[in-house]
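Okay, structure first, notes after.
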Amino acid sequence: MTAGVDDLPRTSNVRTQQMALWTTAVALVILLIAYAAFPGFWPPMSPQLSADQVATFYRAHTAWIRFSMVTFNLCGIMLLPMFGVIVVQMKRMTTQSQVFAYVFLSATVSSSTIFALADIFFATAAFRPNRDPEIVLVLNDLGWLVFVAPVGMALVQNIMLALAIYHDNGAGAIFPRWVGYFSLAVAIAMAPSALSVAFDSGPFAWNGVISFWLRNIAFGTFVVVMLVVLRKTVHQQSVDEGPFQ
Amino acid sequence: MTRPTIIRNSAQGSTRAITIAWIVLCALTIGTWSLAPAHSGVAAVASVSISVAVVVLGFIKGRLIIRYFMEVRTAPRWLRLAADGWLLVLWTAVLVIYLV
Amino acid sequence: MSVSELTPDDEKATAVADSAAPASKRDLNIVFWIFPAFFGVFGIVFVPLLRVIPPPRPDVGYAGMISFFEAHHTTIRIGLVLLCLAFGGAAVANGYVAYQMKRMTSGPVFAYVYMGGMAVGVLPGMLLVAVCFDAASMRLDRAPRVVGFLYDLGMLSFNGSLGCFSTAYLAFAIAILLDRNKIFPKWLAYLTIWQIVTELLATMMWVLPAGPFAWNGSMTFWLGTAIFAIWLNCQGLMLKKATDQQPAGTRPPE
Amino acid sequence: MTESRSESAVLPDPPAAATAKAPHLPGDGAIWVMVLGDMIIFGAYFLIYMVHRAMTPEAFLAAQQHLNVTVGVINTLVLLTSSWFVVRGVCAARDGHPERAARLLCGAGACGLAFIAIKAYEWSTEISHGYTVHNGFFSFYYVLTGVHVFHVTLGLLILGLCVRELSVPARRRISFVEQGATYWHMVDLLWVVIFGLLYVMR
């Protein structure tokens, strides 16, 4: 795995990064299952549902909602290891001051805390589905608003990654240059979902084609592509640092 | 460094002054004790003269602390002005708000 | 740490590797200018759009809360759109301060504490109030007690994220006082202590629903906001100075 | 205003005034930014208190009657005495007697601890009598004295740092001790104003 280097202390850095990537890969698969199991995503619940409709929905699908929210709760933040690897790799870029890596890390912490909040609202709504429908409705609203709209942190992450790759123009560039443009494209795809807080129907509403599907598919694609790219990058690091030093 | 010798001279001269300032401050504090409204058995009444006395005493005590304890007496001019300005603005404003 | 072999500990010795392009400070400048840009947007979002600053009154009944959302629901929803797009700027501002703190001789601990405290504080201290207000604005026909709950939850969260910021401020102040590289001036540390005192006073917002210590009170809100504005401007100016003084092509020690 | 202060903080030695004795800035510029700024902030607290007192003077006066003025006077004397210790400690340090200076600062610290203990006693009796922050006057009383006690606690920490500075022969920077002393006197000064406005004013 580590290009023929066994148990040298410096190879443990590479090893932990590889394990982090595998953790995220496994968590992503589990998350996709949870995602598929959440009845509220097939199709995504409309913001125009009435309180009674939402309460009836939660009562009808309590078990599946609880299953998917427990799984989100457990595995949602397990995507974090991959972002940790991105920070480590950004810090390896030699042609710059590392400032993008620190900002990326800061945005990662904030975006994780927000990601963790959305499923608390969904889970609370499903915990006592016989609640007053008005309360179920407001919990459902809060869950959707927090889940879909706050893309600002992801934008900063992707833009900072793109800027770092753009400025990493020495001979030993860490990432291929297309990764920077890809990262930027993902940011552009995710940005419009911020509009979901102002629209109650159409493609920009939280169940819309742009706010929901484009955003989530863009983010999922980003994670998958970065897993593949980072696997190569970490392997390259082990080659660079392992046998030649 | 010539400063330490200067300070030493002034410090020896002012130790007495500082102690006197401390005694005056304590005496003024004990003096204000009888002015306070919180004495059991007697209903407190608002009193302009006492409040004016509090403002005047507060100004004097504050100035003693600033000049003798904080050593603003021998400080650069901007600091002397700033500290006196603070005292003046604060206590004038207190008095104005009280009287209006 | 294999990375430290590539980047020696001493900042002066960390001149960029031989394969590099000529050292430039463009990356630092890009990140620095996001700081004032973000706080400009922050002002626009929170003052005229979300109407969180100056705060709506805590001592109004349900009728007052409902009429607040009826009057401002359009701007509130636009405000949250802008905030959702721009609030990553907070991560840039905080991350960049932490980056400059990492250049201090006082070690990385407080830089990490600052980043952590501020990064966690973004959710309760900035985002949640906007989300709650938006949730109330998107359905004006909600039951009054639910509107009242969203109103209070938003404002108390906005005012009550004291711990996150106090921790970050404490780390910032101590790091500056112990630093020998003079990244930030010592008086900025003292100003930061005022911020902690302000947060101490702000605890009263969770206790008193009216008067000078309520969340719109003269003591807790207005004085606190004035001190925050002074502090933020000083921090921004000193961050500019630190950016200008950082030698091109250097990076913090590992 | 802060801007002009910060400039002066950057200049280590302001130009000497045309007096016979060269003026001496105790401590350094930075501590005076802190102290003057804190004085302005507390000044704002005091004026807001006065405004609210002027709105309902009778209620405030009635509540003031429930304070224990004897405890207030004792605490003022304790704090004045601690300041006297500190100022003598600074003189001793300048005269080249660091051990005596450290002892005097410890005396000041003991007074500071006594102040906090007396304040805790005072708070607990007021609370046990049912006077909490829900009364207009007492909300100011608890917040102002609370923030002040926070400053006292910070001052104790600073006095401790000064004692450590004095006990290490290689260090003993007079300026450092002066900074701590300046801060401590500010705590004293602010208490004197609190005492006047909360305990004695009618």
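Every chain is named by a letter (A, B, C and D) in the order it is written, and numbering of its residues begins at 1.
Going forward, a residue touches a chain if its C-beta (ideal position, glycine included) is under 8 Å from a C-beta of that chain, and two chains touch if they have at least 3 such contacts.
Nothing here was measured: the structure is a model prediction, and the numbers come from that model.
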Measuring from the mean of all protein Cα atoms shown, which chain centre lies nearest?
-> C
More C-beta pairs touching across which pair, B-D or C-D?
-> B-D
Length of the line joining the C-alpha centres of subunit A and subunit B, rounded to whole Å = 61
Take the average of all CA coordinates in subunit B, do the same for subunit D, and state the distance between these two points in whole angstrom.
-> 13
At what distance in angstrom does the C-alpha mean of subunit D lie from that of subunit A?
-> 51
Could you put a whole-Å number on the gap between the CA centroids of subunit C and subunit D?
-> 30
Which positions in subunit D touch two or more other chains at once?
-> 51
Report the topology of the inter-chain touch graph, choosing from line, ring, star, complete and other.
-> line
Report the complete set of touching chain pairs.
-> A-C, B-D, C-D
Which positions of subunit C touch subunit A when the two form their complex?
-> 1-3, 5-7, 16-17, 19-21, 25-28, 30-31, 77-78, 80-81, 83-92, 94-96, 98-99, 102, 115-116, 118-120, 122-123, 127, 131-132, 134-135, 138-139, 142-143, 146, 149-150, 246, 249-252
Contacting residues of subunit A [partner subunit C, same complex] = 10, 13-14, 47, 88, 91-92, 94-100, 102-107, 109-110, 113-114, 117, 134-135, 137-138, 141-142, 145-146, 149-157, 160, 163-164, 167, 169-172, 191, 194-195, 197-198, 200, 237, 241, 245
Subunit B-touching residues of subunit D, taken from the complex the two chains share = 8, 14, 16-17, 21-26, 32, 36, 39-40, 43, 46-47, 50-51, 53-54, 57-58, 61-62, 64-70, 72-73, 76-77, 80-81, 83-84, 86-88, 90-91, 94-95, 174, 178, 181-182, 185-186, 188-189, 192-193, 195-197, 199-202
Using the touch definition up top, name the residues of subunit D that touch subunit C in the complex.
-> 2, 5-6, 9-10, 28-31, 33-34, 37-38, 41, 44-45, 48, 51-52, 133-134, 136, 139-140, 143, 146-147, 150-151, 154
Which residues, counting only subunit C, touch subunit D once they are in their complex?
-> 185-187, 190-191, 193-194, 197, 200-201, 204, 207-208, 211-213, 218-219, 223, 227, 230, 234
